Amino acid sequence: MTITDSPVRLTAVDAPGQPTVTPELEALYRGLEAELLVPLWTEISGLMPLHPTTKAAAHLWRWDRLVALADRSGHLVPVGRGGERRAIALANPSLGGRPYATPTLWAAIQYLMPGEDAPEHRHTQNAFRFVVEGEGVWTVVERDPVPMRRGDFLPQPGMKWHAHHNAASKPMAWIDGLDIPFQYDVESQFFDFGRDAIGEQERTTPDRSRAERLWGHPGLAPVSAIGATTGTPLLCYRWEHTDRALDDQLALEREGYASTVEPGHALVRYVNPTSGSDVLPTIRAQFHRVARGAETRPRRETGSSVYQVFDGSGTVVVGDTLWSVTRGDLFVVPSWQPVSFASEAGRTDSDSGALDLFQFSDTPVFDKLGLYRSQEDS
Amino acid sequence: MTITDSPVRLTAVDAPGQPTVTPELEALYRGLEAELLVPLWTEISGLMPLHPTTKAAAHLWRWDRLVALADRSGHLVPVGRGGERRAIALANPSLGGRPYATPTLWAAIQYLMPGEDAPEHRHTQNAFRFVVEGEGVWTVVERDPVPMRRGDFLPQPGMKWHAHHNAASKPMAWIDGLDIPFQYDVESQFFDFGRDAIGEQERTTPDRSRAERLWGHPGLAPVSAIGATTGTPLLCYRWEHTDRALDDQLALEREGYASTVEPGHALVRYVNPTSGSDVLPTIRAQFHRVARGAETRPRRETGSSVYQVFDGSGTVVVGDTLWSVTRGDLFVVPSWQPVSFASEAGRTDSDSGALDLFQFSDTPVFDKLGLYRSQEDS
Amino acid sequence: MTITDSPVRLTAVDAPGQPTVTPELEALYRGLEAELLVPLWTEISGLMPLHPTTKAAAHLWRWDRLVALADRSGHLVPVGRGGERRAIALANPSLGGRPYATPTLWAAIQYLMPGEDAPEHRHTQNAFRFVVEGEGVWTVVERDPVPMRRGDFLPQPGMKWHAHHNAASKPMAWIDGLDIPFQYDVESQFFDFGRDAIGEQERTTPDRSRAERLWGHPGLAPVSAIGATTGTPLLCYRWEHTDRALDDQLALEREGYASTVEPGHALVRYVNPTSGSDVLPTIRAQFHRVARGAETRPRRETGSSVYQVFDGSGTVVVGDTLWSVTRGDLFVVPSWQPVSFASEAGRTDSDSGALDLFQFSDTPVFDKLGLYRSQEDS
Amino acid sequence: MTITDSPVRLTAVDAPGQPTVTPELEALYRGLEAELLVPLWTEISGLMPLHPTTKAAAHLWRWDRLVALADRSGHLVPVGRGGERRAIALANPSLGGRPYATPTLWAAIQYLMPGEDAPEHRHTQNAFRFVVEGEGVWTVVERDPVPMRRGDFLPQPGMKWHAHHNAASKPMAWIDGLDIPFQYDVESQFFDFGRDAIGEQERTTPDRSRAERLWGHPGLAPVSAIGATTGTPLLCYRWEHTDRALDDQLALEREGYASTVEPGHALVRYVNPTSGSDVLPTIRAQFHRVARGAETRPRRETGSSVYQVFDGSGTVVVGDTLWSVTRGDLFVVPSWQPVSFASEAGRTDSDSGALDLFQFSDTPVFDKLGLYRSQEDS
């Protein structure tokens, strides 16, 4: 079993908690290297820290620059089988140039030119789309055309066939979120190619998807399809509902009733109507509204998040970093880093002055495995 | 321990499977009576039948007669502490004159005169209201005024404080469903009296309850109140949503997609948004729409149901009994009795011709205890 | 719909909270009777009490009298198809002579003469056997012969085929517990006859059942049969394990560690190894050991229990009733009645002086339906 | 936000499914690098393969070499605060010299000299110990001393305080399994130091732990500690039970009853008695017995496993690799690699000839997140 080119390299160091450096210790370390063995005592502080010390960095990407590069790709890079999607992923600067927004999450801008189709495929990776601006693309999930419009959130559980179709006369951009890094780490991936072109029937552009017609009525389940599913059967969560839910929370707060998570901070979670739990087995998605003039308390939790500013402007503080943010900007909050938000007064009277933030995170992984913790910093 | 007036009475009979009638057997039976004992061999066929042989009868109550009697009560019977509610319950003709629609379910018409209040109380019995006609009453649950209008379904889980307030200038009637007989049988009941009068703030008549503002947005949960609850936190399921969900199912069916439970038979279940399961721990509530000209297959299940015709007219067959039914009529389907429905063509062109039926049942009890069975008769 | 012989009988009474007795009210009541309707205001105090006011009585049956009558039955009553079992049920004196130990539970002594077989059948009613004395009978569940010996608890989930076979030269008695009254109330019963005689292979008398060989190893599950089941797959819980678990709890308590439910009161619950929950979907089974000289605090809970004294002697207090109890005695604790136990000092030095009590109850029904409450009286 | 030293490096290549290499494309790629962006179309085949293509290698470590190196460490490396444990981890040759047996699992040999203590700490990482030979160490979990002997499996859920104490006159070795790589990837780790020395009371060497006395009785739960816990409360699964459970499966198979997972292949899973599910939230542990002369079918599943040969000898095939294995040998099966085992005829008549294999894997992660798949190869 001994292999001559062992990748293991051990260095005896003279340090507290470490064995005395002697020729015998050096010989032992050479023996361990030869046998593909690594001691705990040289590794423990890195592997088992006192609290999460993330490999990732807090980082911000500006929406205008992303859109500009995506648009250039729209003219240079075809969409088709093989490449599959014109998607450009955020690469966290501390993760070695890999296309990982965080250690577990993929976040990308996807871009489709007028008339283009992205070919059909399916995969175990759980995915969603979120639309910060534009409309005109229908995502076709299990042959059900789902319109995408500003503010809509479109989850797509693993192994659902899907394609995209731009039926409009203008390009459209949106963001994709997936658990690609997580599934790459644990090695659970399967992928199947589907039809190269979607059918004529799927080129129709209905106002509501079939999924919404079955599952989009509040508190009502179709008995023909009853039963809890791992991922949500509701393929689109419309902006008009999200917006109203957030407004209702802030109005209830003003009327004196418990409704927000803290003063001026409305928060809704997108949930699977068959179970009330997260929309995707590995991804949580939420929407924050920070009222005009409000500021949230710093809060940290295990696991990482990606946020996109949906509307308004304000400031975000992650650890020691502060950003001024505005519509479309994307930023990352690594594990156990404190984050807080503040809205900026609206520039005009008609502006609500609220800061609207879409968030997705890997929290369900932590929740289901008994690893979730959170803390409010004073 | 021997008691002289034992309620046990045993009769030795000369029948197959029974012991020979002898003086010794008679002496044994007297001994058993004295010791408060009963043999299985004399009781087994009644207690352990081959399939459920219900104690209840299929029965129909006409809405117009109920309303007439309720209205007369409105003039003769005050609403107040002690009597608590002006509610008149269906008494199944085979259940000994007890106010039981079925062996487990209570169904009543409740009636409130203009300006009247029904006093606040709470109880372990799970309850709901369903409105077949009228409006103007607000049910005040946990101090949250909830408007009641035609087609609305208003569940109210056990131990929630509640009162009713008629803010209109006309009387209003609706039906109440509760698990009173079930809780009477198993002996789980608690009851507390609340305030004699609701507060001024609860006399407001908002268009939407606070519960709806928090929980009534499809697929969206307020993070401030996240977590599964035994009973639903959504206190009103509005008719406009139910109606649209049923229409959508029938339209999808016409377009060629699976959506109904059988041809022409749309069916939605009211569910708890925190879990996707039944709205109340002991009561299932559903709404059927039988399209113009459609007829459902006879189907039986363990457990009993009460139906109310919400709209349209048609025929209902339960076992050997057939009724012509119309708006407001209430009927009972006992355990393991086959039931089917047929709509009657609308009388005018503008009439949809569909038969709309509200149903509630004790199915969650069977589901959770491993006792549920159903069967379609050919 | 009007029926001439309505079972409904309403009486107008002059009492607080009741409407004024007038000719009009009498006419209304006659109208309600004719239409099979009953007001809430005349019924509420009985149907919806402030707390459970049980229909049952606390009652005690002496084991020696039960065995004497069972033995007489052994000589007079054959066991065979039709009567099915030589079982004699406790009839609670307050439940009208019905064979109900409590409103939901059946408890009976079953008796089998040497060489006798009880024929095979199955039913939705959940059942168990518990052996206070004797041995020699094998219960054959799903063709798996399971030996029965003093102290053994043998659950048998609904719809499992079962027969009994006395392989010994002496009669044997044991107790059966079932949810017969509960299933009679909710109307969920199915029953099938099996083979009239068990096969030769099932007449073998192995020391351990196949169920125990698969599922009887602590913390170990057979991967070939993995997965949660509604009722337990373990068909026998042996006395040696129960006894040791109780001894361990009392020893740990003496060593200063939390282990008992209160000082001197060891308590174990029989659980389904596939889920850790109750062995049967409607019945909880537990075993109490009250150490020499110990006395338990009065405790009440929703739902009813039947206890059998397994060993030792002592006193039991249920509400206002006190009994001196000894081996084999059976008693009933109705819903919401406080119960406490005290052991009696052993008569000899070798006697442990502990009071051992087997208990079964309908608690899972309350637990699963959100109706469970308990309280310790000071 | 632009950073000058971007870690992103993109290479335009002339290949099917890739955009034409032009100066404009090169300029786009430079722009993406500057903005920390990576296209999907250059990464998809590596990140989203058709099926898991593991980063890890199948590899075998020989027990005698591990023990020899561990023993040398025993003489050179002290055990104490800082290094915490004298544990030496398997480093998969394809994982870059990191101390990872698989992408998610840590496996190490731990070694304690006579009289030594390993200091108390706790961490979110879930852990277990398994003993292939020797005895004399007590692991002290939450101040409960648990003896470790050949064949025992000792799980220890995250955040339980623990220390180890060698009370014998000889060194002792065992293996540790943890989810260190998984928690490192997702960044969920917390770690606390405990007391430097365990108390005198914890130096006692009881034959059974308190955990076993409370939870080690088959099918019996202590009511004082009832309720499902994330990790198992049973801290030791004794060899005598595992051995008997495996023997019982093979004996039942010989008698003609379904009990094994395939002919000659007995398999038990260690489970949490409070829930029937896996002992640890992220780790599954199982024990295989391959009967004399039996051979298992190749089987693959998502997720990775580490095996240790507990007894007997035989051959193992993982993908294209075949090993002859014997007592103590450890080997790794990466995700989606087919594995099969064959026992080798015993060398003497008294030798059972069976191959006994302890296995642990990351399967609960896949199960809970909807990512589990398995397949039998023909």
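Each chain carries a letter (A, B, C and D) given by its place in the written order, and its residues are counted from 1.
The rule is short, and it goes like this: a contact is a pair of C-beta atoms (placed from the backbone, for glycine too) under 8 Å apart; a residue touches a chain by one contact, two chains touch by 3 or more.
The shown structure was predicted, so the numbers you read here are calculated from the model rather than taken from an experiment.
S.K.: Suppose you hop from subunit B to any chain it touches, then on again the same way; how many hops at least until you reach subunit D?
M.R.: Each step joins two touching chains, and the minimum needed here is 2.
S.K.: Averaging each chain's C-alpha atoms to get its centre, pick out the one most distant from subunit B.
M.R.: The most remote chain is D.
S.K.: Specify, for the interface formed by the sequence copies subunit C and subunit D, whether it is same or different in terms of residue numbers shared by both sides, with half as the dividing line.
M.R.: same
S.K.: Cα centroid separation between subunit C and subunit D, in whole Å?
M.R.: 44
S.K.: For subunit B and subunit C, let me know how many angstrom lie between their CA-based centres, rounded off.
M.R.: Once rounded, the distance between the two centres reads 30 Å.
S.K.: Quick one: subunit A and subunit C, Cα centre-to-centre, how many Å?
M.R.: 53
S.K.: Do you know which subunit A residues sit against two or more other chains?
M.R.: none
S.K.: Taking all chains into account, which pairs touch?
M.R.: Chain pairs that touch: A-B, A-D, B-C, C-D.
S.K.: Going by the contact rule at the top, pick out the subunit A residues touching subunit B in the complex.
M.R.: Residue list for subunit A touching subunit B: 210, 213-226, 228, 232, 234, 237, 241-242, 244-245, 248-249, 251-252, 257-261, 267-276, 279, 286.
S.K.: Touching subunit B in the complex: which residues of subunit C?
M.R.: Residues of subunit C touching subunit B: 1, 3, 6-9, 16-19, 22, 24-25, 28, 31-32, 35-41, 43-44, 47-55, 59-62, 65-66, 69, 72-73, 76-78, 80-93, 95-99, 103-104, 108, 123-125, 157-158, 180, 182-192, 230-231, 281-282, 302-304, 334-336, 362, 364-366, 368-371, 373.
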